[in-house]
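Input: structures, listed below.
Both complexes shown next keep chain A, but they swap its partner, so chain B is in the first and chain C is in the second.
And then the complex of A and B:
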């Protein structure tokens, strides 16, 4: 059972655009959505286009969610690309910093004055 | 793991996940306990923990400014929520069964304890950002003031001591990136 104070459950959606694949993450991105992340990662890599992750609606992310993004970013780097994160998400930014992985990403922030 | 990478990890981290009990003085009263049946229980239990902890958070953050706001993880309830996810998530994946979380209040901080019935040993794995796993316990050490594990009554117990004020080692890592 969930209540209003439980916060939204995690959600993972993949959208295939003409020139990129968009992964929409929202809610709590953790072990509860591990299978969805794995499937989304496979689909996105199979599509073969640059991957953009929209993380603006992420309420909570732990090392399960961050590791998923890091693995996608590493495979993008191997293909000569830099994975784009559509933010902001200070929680994810701080977690990637603690994991030593922030240099694998380019942030494209929606806020005025945000990094682009 | 190759000898070279082991050396590098030792140099970068220079820590192991320590075995030992927290000092009894760290605990004053029990704030709550929860069964964590599976991954879907992480959210509800985490929200219960952060609700208790945020009631103790200072009304305004001490040093943040408009130009350079405090990190999100400067807040104790954010650290506890993430620590709970990492420790309980590890227990669900590698330990279990019967994962249970305890939160206790001390003078100026919290003790988070997670038990499971598994017989594994928590280990710090290679700290490659692109590794599939192994980040959890490194994060536990980064987010807490002290952490460790011990065995009691056939259970594995992992604990994290979390002061109200964010540890200096955490803030310096987060702020050096922001500069």
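And then the complex of A and C:
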């Protein structure tokens, strides 16, 4: 799909807050950051607190990025938690919907198309 | 790791940064070549069942670092029914290409010789991914061509189930058509207990169904739905085109000059069946 040459490169940052783990995603979230995503996922699951992914600064996401979030959400649900996406990100919303994964997430934003 | 790349000089020497770079490029080229060969070895010729025509295409991404996990498949059941598959393994590397090979064969194994609807096939594949610890996620669509009232029925019907895959596009002989959009079921490799659904559409004579992977409709500057609409438009202009030509032309019209992702396409056409004898009902009503 995309490469870092035609837009901002992707970035993955994990912040451990007191009551949740925040994963900040930005730029192109694709294969180029796959290793960072995997590490972030492990850290977030190990932390054991609710996971919030801030996707407002994501400007490109492919199936690698989307399926990372889907897997994380599925494991959060297995642990009785719901993963929150801090949006909006119409692009990600569309991809997750087409992948049939929308019900695994709770969107926290106020845009049309974003769920409550 | 799937191999190693070792370079030795006959005399002592210092490796410069430039040397390292050249070797790195060489190693990458060798590994994506392996992945591409692996990929293409999985893409076999489709079946051509009676009065159905299947055409397939695979286009690798322009960048050799982006080997994909896209595949198409078409095979016949022992009873003659045709099964069509399109899938896209998450990722663009040699691991994705290898996982694609596993998934393709899992779908074949779970579908072959059984009467299960496509939704059941996908559930069984999903259970196998979990049970056999196949570390992958993928969108897959499985379809089956049926004759609703048995082998002599001239009506053909597509029965399909989609695990998070992009909807097929239907093209009728007159150029009209639509995406066969359905409420999406979850992609494979996440949750084997997820509910799955089957859908049906009747295929009139001369109609075409296009299955494709996201590389065909995905652009940085527009949404996937906009990409699908553009694809449907390109298709409608090609109504009446012979199926193999249609495949070439729709790829040319839709893909950018240097595609960033690989693309798999499977097109199916339901040809008319003029030769098929009309069978008389066994029991005439005389009441």
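By definition in this document, the second predicted complex is superposed on the first by the 104 of 116 C-alpha atoms of A that agree within 3 Å, B and C clash if a C-alpha of one lies under 4 Å from a C-alpha of the other, contacts with A are read in each partner's own complex, and residues count from 1 in each chain.
We take it that a residue touches a chain if its C-beta (ideal position, glycine included) is under 8 Å from a C-beta of that chain, and two chains touch if they have at least 3 such contacts.
In this text the structure is predicted, and so the values were computed from the model without any measurement.
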State whether chain B and chain C clash or fit side by side on chain A once the two structures are superposed. clash
Who does A:9 touch here: chain B (first), chain C (second), both, or neither? first
So, does A:63 touch the first partner chain B, the second partner chain C, both, or neither? both
Report for A:34: first if it touches chain B alone, second if chain C alone, otherwise both or neither. both
Of chain B and chain C, which one contacts the greater number of residues in chain A? B
Only chain C stretch among 6-14, 150-158 or 240-248 with CA clashes against chain B is 240-248
Using the superposition described at the top, list the residues of chain A that contact chain B and also contact chain C. 2, 6-7, 31, 34, 60, 62-64, 67, 70-71, 74, 90-91, 94-95, 97-101
In the complex, chain C touches chain A at residues 63, 66, 88, 90-93, 137, 139, 162-164, 166, 184-187, 189-191, 194, 214-215, 218, 220, 223-225, 260-261
Spell out the residues on chain A that touch chain C in their complex, using ranges where they run on. 1-3, 6-7, 31, 34, 60, 62-64, 67, 70-71, 74, 90-91, 94-95, 97-101
In the complex, chain B touches chain A at residues 39-40, 42-44, 46-47, 51, 71-73, 78, 81-82, 85-86, 89, 92-93, 127, 129-133, 135-136, 138-139, 142-143, 170, 173-174, 177
Show me the residue ranges of chain A that touch chain B in the complex, using the header's touch definition. 2, 5-7, 9, 28, 30-32, 34, 60, 62-64, 66-67, 70-71, 74, 90-91, 94-95, 97-102, 104
